[in-house]
Each structure stands twice: as structure tokens, then as C-alpha cells.
């Protein structure tokens, strides 16, 4: 056809991304990877094991995992209907509601804690009713940690899932309705599987944000070993007294997240591997 | 189950306004050119597009009526739909697609799969039950869509070109199977198709929709013998020439005269000329035929046992030849030949549109 | 008001100019902001920019090469870290002290008058973690007073305690006197008797890498001078 | 057909979401809204204007807007190819690369700063080369703020966009290729428009995270007025000296974000308004 | 542009292995039942699915060859494709869809739109140029897809059922337009269709693919007069009965004997019986016809000018009647009648598959 075709005699059979894209992606990866290598490089590996298996560290780890999983669960359970309503139903003030749900994203961490006080604290809007009706005091309790983490993590889930729902072709859902599926059944069997990648992505984002959450937690729930001292709080304190341990704990947190994210099979993130000829 | 509906849907550049009535157990074919509004009609009856005016009533229950504000959700209408674009569930395999409606209506998983498997068998898709939807071929996917709609045995079926992607043999088979199904149940059906054979084989009655309105409806034979529009005439393969009859001669708006049977009533009418009654000649024919035109061969459609010739001349015409006739004439596109039609062979139908 | 004419440091080094970068403990914010204005007034060619943060953060930044002239820390330990890294030009000088006070909610609804009152049942007491100086000091004070209190939380910095008490979530905590003053109307302070009090010292030093050493020395002497000390006093800091 | 149909005589013509979904979405909205109302309630409105127009506050605001926009731009420019490569090309270690890019999500903020030091600080892995080759010192500079914000914000963009790319039907892209479109042209004209909602959602998430970023900034870039003191840092300082001002500044930050998010037309988030009969 | 290819594609449960050759300017129709692998063939030639074995060569340039590792990206092949599922760009309007290929190849926006508009006019879609893709009707969308593929004037066209969704009249028109286009350019084309009319009207040669292999190929008349498989026979409307000839009698595997012309060579062969040569009788016929069977009427396909009757008996048969013959017999499905075929009317083609 033309000479470029001839030149391509030795072209790769597989589909490779354009060089520029790879280059830019490479820069981005390096940008993320370097700080971690830097961290690893500074970790006092000789004492790492003993610092890690310190009972205080283990307590913090347990609490962190527990709270972040709860926060993620709450974000998914309440965030999914919220995303659905936002994506699918036009109602006056929808944009304002959406904005409200995303504000905690920009709140400086400490202010987030103050805001939570204002709502759920002892002198907060809902503090007294919560205590009178349920006997719950959220500040200084593990529940408070979960609350703070949900508050900062959930917006990630909501926005990701809403975007996916908006991008979704609704024709399959309509078809499900004609087959006798209630909106709920259609949502569960047709819509949810279709937005699975976004659900996972959103849940991972929310979990990661909750797992690493520091400012709102410390402000709202305080820092009590075994009750509200999560890993990031332990790291922060260790930075004051024993920077080596802080680094070890951080690397440990990273390792856990690494395991979670690597463990996320591509399948859960959606897309078949058909497209990858390699 | 009987359907009575007047469907008015206002799209930005298009208005659909048609009456549809289907009696108990009846199958009605909807024919019409592309963009006539057939798929829109299906969506409106299924409840996927609320009416702008009119009503949808099934048996005595109103499903949609903007005036009184009644609107029954699609999932409560028990209407099975085969969509023109299939709309299968890409994340399920073929079997679960077919089982979907049964499961949605509360059947247990194993039972639903059993029934679904039987339907796939009926559609010759047993080998493809476990295949992901996006790996099915076009015709396979269409059969899955059909099985999915039929499996939950709805009392009204809306079939939007359900056989378009099937190969000839499968098509005939599925068509037969569909007829058995439709006559074997009390279900009613509305069948959209571009293939008159489907209508002949499956439908009791035909509605022709053009540009959002019904232009003709009634028994099949009625519609085909008295085509009221260019579209229908093209469809049934008859030449249709509108004009005005005056003393046994129909005059078109272009000024062409066609001799028609002497007893034809005067006034606006269509002349319909069966392709088989058009004779072709290499030289100007002599004899009794009163309609003779010089025409040009535009296109030949050669089948094993008949040849259709599209002609251009004072009026556009389609002629049909037998293989021997074809061989004798040895026509090629571009040839200029003579076409003749006896006046007694010209059918007349009154033109009600004027 | 001291005019440039009779300012000892100003007259000693008439030619100072340029930028002066200071890393200062966050608790010095009020005092140092005012101090910087006064200093710039005295040395109009100098522009002061102050990097406030937790002392430990600041120390880490300095060790990692922060381009600052002066480091003013809220405690000795942190300063020692920087000194150990051979980053100080001379021996640090203490320029201010701070004393402890009990911080209570606005209007003192729990009627706390002494350290002993902190043991009251249902009373929420928050302190800082022992890793943080104020946490250590508070523990010392309580130990000296022979009072055992069960804290609800070990905050990572003083601000945590102030925020919790002033927002009413906690009832009391032990903080620096300056913090109670800064909290203004949102909280109240209860003095701690001298025998239990712990004097926190604020050292500062010029850094080895100081790009503007003359200005840095001028700043050091300005703070030690009358005007500087007056400002510190106004914010509740004690004599060095 | 059956009695439920009769009962529905007065059913609404428009499509409304199921009650349970609305209820749960409502709880979620309340959960987000309450803290903000609480904050508003505590703000000393009488002094608000003067606190806000304080030159220091305005300086911080300008810097915050400037840096967060730069960070968002960098996240989009480098994150898009990264997401593309991650979503589309199978290469060994892909999951590890993905995990690397998301780790900054879970890093406690201060550790994030430490990690940045380790990479880009004077004593960091890349500190000397950066200085020798480009004469750049990132820590304690405005560029350092942008870097820190990009570091924490970009993962949100990458994950959101990757999820959308994976959920995307590739057949249209294939069709574009047969029409002579290079991978890049097909990506630009076919893929990008299709994932527009996710691009916007991801960019908003990244921007919000950057705008509110505190820990990594204060650690890595310091807190120099006009140079690295962004709004969250100003809020932090004000909390120490003037809690009222901290609240005013926070509410101001919220207001800005609110404007940004409300300003995000539904159209940019994708999905036609067809589906909204109201 | 000529295409020479051997396409081998291994799908999990299916293997495609076909040879395709298209000479300069030639149009080849690919026929075959659903799931035969036609669409897979298109994807492989277009470069959307790299070959597992074989090669694709256009003129003298190799586009794909797993052995040598050569693979030319789809966008460098200059092949226009109409996909069975259209694959239009939903976020663009009809006009920009058609203009896409021109823009991608560097034409200016205004110029591309101008050309695209001309193509939409040709497809009678001028009124829909600004319409968003998801609001087009099925037939409109298909025409946009066709216009999109043709607009950039590729030198090879792969058309996967490009007319399936069109109504009869539009179909005839687009078919004619397509033929003008194909004969007017030096472009070659591969046309997949289930409609033999398309093949007759557009193709120079036919390839029949069944279950992933080529079962028959050659001139149209060759294929139709000597159908080599049940599929082809069904397609051309001829009855095809496989068996073995011995002394003027063909015996099927079920043991049915059919008298054939006496001069037929012995050995495995197909008997082909044109529907028109099957005579039907209410009572057992006497006379010269040597093949007489008692059969049951399964299905009637009534057209204006001919009636097809599907019969079940010792062998399955399709008969064709004229309207008068149909009226005389008054057949209904289920009737048991007699069918006769003269031995001289039975065609014989050798069965090469055995």
C-alpha cells in the first residue's frame, strides 16, 4: 500500500501502547514509586521485626483493620443507594445534595473532626438525642473512629459509583423490567454487575482513605490505645519518639494496602482479559 | 389477552400517533419503512416510554393513561419484548439470560435453568448455553433474545424484527416454532418485520405504519391485493400507479395514460400491475396489449425459478420472467426494451387517501 | 516602642537586609507573628517569613535541608536532635519559658479548681501522649501532686486537647498557659500551684546553613531584648 | 391481570426510586449534611468578613487555588495515560504497578511527607540529580506543594479513570481503528468522550483531595506564608491562635468546593437528562 | 485491490479455517448459517483479531502472518468495515459518525462534513444528520454505519449483513446504490448476507462457509444449480436429497428410492428437485411420474404470485404452486396429500464431500 507497511515487516504482533503514553505513564509510576523506595531505604531494617511485633503496634493494626473495614462497609451500604438516586433521579436540588456529599473531601482533616463534633459530639446537634435514645457517645469511642473514617471515605465511593451509573447504558435495565424484574431486582442483577469495576474501585478508594485517615479521627475520636489509636496515629506518635518505628509501621501499612490492591484481581476490576493478547 | 391502545409519542423531530388493537390470541404484524415508529410503539406499549397522549389497555385494565395519570410499571405488565437491538445482559451467559425473567418472577434457580435450557434447545442453542453473551454470533444472540422473551410465557408478546439476523433455514424453522407457540397459547402478539413472509406465516392481521401513522390495516390478503401506498406495493411486489380514472383510462400526474378494465369506476385510484403480467419484448410488440412502453432495464434479480426485472420508463415497473423467458431475452442492465400490459390485467383499487 | 535609632541590635549591624526564614513551634504563632512585624519595623530592609509547625516536624525538615536561618523549638529534646546532627551554628539559647495550666470548658461547668478535681467521676480528661513534651510534663505534675487520672485520649499535640475542651467534648486537660490564653473565650484556665508546675523551656539557635546569618543574629538578640520579651510576656510566656 | 394493578390506579406516572433506597440515601445525605450545619452554627459570623479578608487568608487562598489546580492538571495529564496503560495492556507486574500508584492513598499524611523527602529532598534519592540538572529544590517551595498535592490526589484520578476504561465497551474503539484512526486519535475522539463522566469525577476527587491536603504539604513543603502556606495550613495555624478564624476559613473552603461541585453540570458528569422525567 | 487470505482463528469452542481470495474490483458474497464464522472472518481480515495461523495479503503486501510475525495495525490497512452490530459512536451525531473516518485520515472538518453530508443524502438520511446515534431507528443506524464505511473510500470493503435492518424498498434502493458504488470503483468487497438476493444483485462469486470451513464456492449459477449442502439447497429454494445412485435410482440412507434420469452416473450424489417440478394431488396420481409419495402439509408460504408448500413424508420436500393451483387444492397445514416428481425433472450433482 505504502512504504510504511513495508517498514513494518518486523512490527510486533501484539498490541502495544503508543510510546508517548508509555513514557508519561512511566513518569507517573516513577513519581509514585520513588517516595516508597526512599522510605524503604530509610527504614532501620535490623530492628524492623521487633518494632513491628510490639504489642502496641499489633493493637493499632487490629483496630485499623477493624475500623477501616466497617467504614468501607458502611460507605458501600449507604453510598450505593445514594449514588443511584443521584445518578438516576432528577429532583430539585440534586446538584446541591451531590455537593454536600463531597464536601468532606476538601475539609482540612482537623476541621473535619470539628465538624463531626458539631454534629455528633456531646454538645453537637445530634449529640444529646444520640445519647438519650441509644446511649451512644461517639467521641473517644471506636464507633467514633468508624464514623470519622466513613465521613472521609464515603465520598470517594459515592462519586466513583455515580459516575459509573451515569456512564451506563440503561437499555439492559429496561429489558430487565419487561421481564418482570422490579427496579431493585434489575439493579441487583443487571446494574450492579455492570458497574462492578467502579464498585470495587470506589470501595478500594474509600477503604484506603479510611485506613490512612488521621486528622478527623484524632480530632473526633481521640487517641486511646486499643480503642481509638489506629495505625496512622501510632505512626504519628512514633515519629516524635522513635522515627525508626514510624517508618517501619508506615512500611507495614503500605505492605497491607499493597496486598489488598494487588490481591484485587483484574477480574474484579472488570474487563475480560480477551483484550490482552499477551 | 387483548390489547387496545392509542399510542401518541412526541419525539423531538417525530410524532407517533397510532391505534393498535389486538384481540385475544391474535397475532398482528406491523409493517412499515425504516423510521416509521415501529420500535417506538413497542417501547410505549411495554411501558418503557410513558405515553404523551392516548392510552394502553390490556383486557379491561388500563396500563397507561396520561389523562388520569395511571401508569403501570413495565415489570407489572407481563409483556414479553424482543428488542430490535436485543438488549441482552452482557455479564450473564446465554442460559442465565433466558432464565432471567423466570428468576425475576420468583422461580427457583434450578427450575428456571431447566426451563431456560429447554428453550435454548428449541432454538438449537444447547451448545452455546454457557457462552458469554458477547461471544455469540449475531443470529445466536437474536435467538437468545427470543428465547428470553418467550420463556416466561407472557400473555402479550412484542417482537421487534425477531428473525432479522437469522439464516434462511434457521429462520424458517424458528418461524415455524414461533407459529406453533403462538397458536398453541392464548398469548397475543405484535410482530414487527420487514419480511412479508413473516407476516404471511405468523400474522392474522397487518397494520402498516408510515411516518408515525397507520396507513393501512386489515387482513393480509386485503392489504396485499389493494395496496394503498407505494411502500405496501413495493413490499408485495406489485406495481402500484396512482392516478385518476376517466372512461377506462387512468392518467397519472405525470400525464402517462394506462388503459384499465373498461368497467372501472371513475375517480382517483391506484392501478396495480402484477409483475407476472408485464410482458417484455426486444422489438415493439403488436397485438391486443393496449399498454406498451419503451423502458430501460435497471436491475435484474435472478432467482432459481423466477427472474425479476426492474424497469424505468414513463412509469417505474417490475416485471417477472420465467427462466426460459429470461434466457430468450438475455437482458442486461441498460438494455432498452418494450414492456406491455393488457388492460384486463390491470387491477384497480380506489384511492381512499384522496 | 523602640525606634531603629536606639535599638541595640539595629545600631550594631546597620546593614542587615534580605530575607529571614524562621522555623518556629506552632505554639509561638501569635507571639512570633507580632514579633516579626516589630522586627521588620526595626529593620525595614529585612523581610521575615516564619514556618510554623510542630517542633518535631520542623526539626525533621531542618535535618532534611530546610533553608531556614533560625530554629525556635518548644522543647530541648527536639533542639538536641538538630544539634546532634551538627546543624547548629552555636549553642541554643533559651528565650522563653512556659508553665502549665489546667484548661477547662468555658465557664468551668465541672467546677475544677485543682489537680485533685481531675479525678471526678464521669469527668473526661484528655492529655497528650508521653511522646509529646506536654504529655510528659502533665504526667509529672500529676505524679508530683499524687493524683491518678485516667485520660480518655492521648492527643498527639496540645491543640488536640484545646480543641476537645473548647468544643466541649472533653472537660479538662493540662496545657501550657499560653494555649489557654490563645483559646480566648472558648475555654478557661485553672492555675496549677508552683510546686507541681513544670517549666517548659523554649530554645532557639541559628542554623549552620543559615543563608542570612547577620539577620539571624539580629533576630536572636531582638527576641532577647526588651521589646521581644515584652511581646512574649503579652502572650503568656515566662522569663527565660 | 391481578389486584395489584387495580390498586395502582393512582400510581405516579413518573419513575420514582424505591422507598428503601431513598431512605438510605437520605440517611447518607444527613450524615454528610449535619456536620456542615454544625460547623456553620459554630462560626462566629459577626467577625467572619474581617477574618476572611485578612491579607494572610487571601494569600493562602490564592496559593491553595493555584497549587490545587496545578496538581489536578498534572494528575490529569500524567494520570490519563497511566490509567490507559493499566486498563488496556497486559504486562507482567501490572497489578504491582497499579498497587504502587495507589499506595499514597493509605499513607498517613505526615509519612507521605517523609516519603517525599526520601525521594525528592536534598538528601533524597533524586534530590541531587534534580538540583544538579535542573537547579530545582522542591522542598519548601511552591513547586513542592504542587508535588505533594499531586502525590496524594493523583491516585484518585487514576483509579476512577482506570475503572471506567475497564468498564468500557471496546467495540467502538475497534471500529474507529478500521476507519483509519490511530490509537491516539481513537482514544481522543471515541474513548475519552465515552469516559467523560469518570474523567470529571476523577478530576474532582483529585482536586478536592489536593485542595484539602495538609499533612504531606506541611511536612514536605513547610508552612511559609505566600509560598507554601495553603488554606488548610492556615486553618491549622488559626486553630492554635484563633479558632474562630479557623472555622471561618474552613467554611470558606467548603463554599469554594461547593461552588466547584455544584457548578459541575450534570452534563459533564455524563448521562443525558432523558432519564429524568421530572 | 486483491485479497488473498487463509484465516485460522481458534476460539474456545470453535475453529475457523477458511481460504478467501478476492480479485481486483471483485465482490464476493459470503453465505453461511448462523455461527458459521462469517463475522469472525471479517474481524480477522480487518485486523481486529490477529490470526492464529494463515496469512492475510492485500495486493502483494502481507498484513498478517503469525509465522513471520508481521502484523499491520487495523488503521493502516485501509479496509472499510460495516459491523453486524454497527458499532457506531454513541456520543457523536450521525453526521460526525460518517465524517469520522475522513477526519481520522486528516481531512479538514468542514470538508469531511461536506462529504459526510453527501453520503447521508445518498442514504436518505439528510433529515437525521444532527440526530444523536441512540435516537436513530434500527434501519437508520444501519445506513449510517454503511455510509461511515463507504465515506472514506476504502479499497477493500467488508460488509457484515449491511442490509439486514432495512425495509424492503430502502433495501432495494441501497442495494442498487451499493452496486453502483462497487462497480464504479476499483474497490473490492466481501459481502456477508443471509439474503440470496443480495448475493445475486451484488456479488460476482459466492463462498459458502459452514461450521468454520468453506463448503462451496464459485460462480453464483454454479452454486445454485449444484448445491452441495442442505444449507445451500434451502437457500436457493431447491430440494436436495443426498444418496447413492445405482442404475437410475438414487437411494437415501433412510432407504427411500428416487428415480433419476437414466443417464445419471452411478455413485454418491445429490438429487435436486426444483419446487416448481413437484406436483401435488388430492388422490393418488396415475401416469408417468415415477416418484410418488404420500406427504403431509407442514407449512404454506403464500405470496401474491406463488405459493410455497413445505411437505413432510419419506423425504422432506418443498413444492411451489401457482395461485390457481393453490385455489384448486385448498391446502391447509396437516392435510395428507400426494406429491409426484418426474424422474426427468430430478437434477443430479455429484457429492464431492464423500
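By letter and in written order, the chains are A, B, C, D and E; residue numbering begins at 1 in each of them.
In this text, a residue touches a chain if its C-beta (ideal position, glycine included) is under 8 Å from a C-beta of that chain, and two chains touch if they have at least 3 such contacts.
None of the values given here were measured: they were computed from a predicted structure.
Enquirer: Where each step is a move between two chains that touch, what is the least number of such steps from subunit A to subunit C?
Expert: 1
Enquirer: Just to be sure I understand the contacts, which chains border both subunit D and subunit B?
Expert: Looking at subunit D and subunit B together, the chains touching each of them are A, E.
Enquirer: Could you work out which chain's C-alpha centre is the most distant one from the centre of subunit E?
Expert: C
Enquirer: For this structure, which two chains have more C-beta pairs in contact than any other pair?
Expert: A-D
Enquirer: Distance-wise, how many Å sit between the C-alpha centres of subunit A and subunit D, to the nearest whole number?
Expert: 13
Enquirer: Indicate the whole-number Å distance between the mean C-alpha point of subunit D and the mean C-alpha point of subunit E.
Expert: 54
Enquirer: How many angstrom lie between the CA centroids of subunit B and subunit E, rounded to a whole number?
Expert: That pair's centroid distance is 21 Å.
Enquirer: Give, as an integer number of Å, the spacing between the C-alpha centres of subunit E and subunit C.
Expert: 88
Enquirer: Going by the touch rule set out above, which residues of subunit C reach two or more other chains?
Expert: 60, 159, 163
Enquirer: Give the residues of subunit A that touch two or more other chains, as numbers and ranges in rising order.
Expert: In subunit A, the residues touching two or more other chains are 110, 114, 117-118, 182-183, 194, 236, 239, 277.
Enquirer: Would you mind listing the residues of subunit B that make contact with two or more other chains?
Expert: Where subunit B meets two or more other chains at a single residue, that happens at 73, 77-78, 85.
Enquirer: Please give the residue numbers of subunit A that touch subunit D in the complex, ascending.
Expert: 15-18, 20-22, 24-25, 27-29, 31-39, 41-42, 77-79, 81-82, 84-91, 94-112, 114-120, 124-126, 150-151, 154-156, 158-160, 162-167, 170, 182-184, 194-195, 197-198, 200-202, 204-205, 208-209, 211-212, 214-215, 231-232, 235-236, 239, 246-247, 250, 253-254, 256-258, 261-262, 264, 266, 269-271, 273, 275-278
Enquirer: Write out the stretch or stretches of subunit D touching subunit E in their complex.
Expert: 171-172, 174-183, 185-186, 189-190, 193-194, 196
Enquirer: Spell out the part of subunit E that touches subunit B in their complex, as residue ranges.
Expert: 11-13, 32-36, 38-39, 84-85, 127-128, 131, 135, 137-140, 143, 161, 164-172, 176, 179, 194, 196-197, 200-201, 224-225, 230-231, 234-238, 274-276, 298-299, 301-306, 310, 320
Enquirer: Taking the touch rule as given, give the residues of subunit A at its contact with subunit C in the complex, in rising order.
Expert: 110, 113-114, 117-118, 121-123, 139-140, 218-219, 221-225, 228-229, 233, 236-241, 243
Enquirer: Going by the contact rule at the top, pick out the subunit C residues touching subunit A in the complex.
Expert: Residue list for subunit C touching subunit A: 56, 60, 124, 126, 129-132, 151-156, 159-160, 163-164, 167-169.
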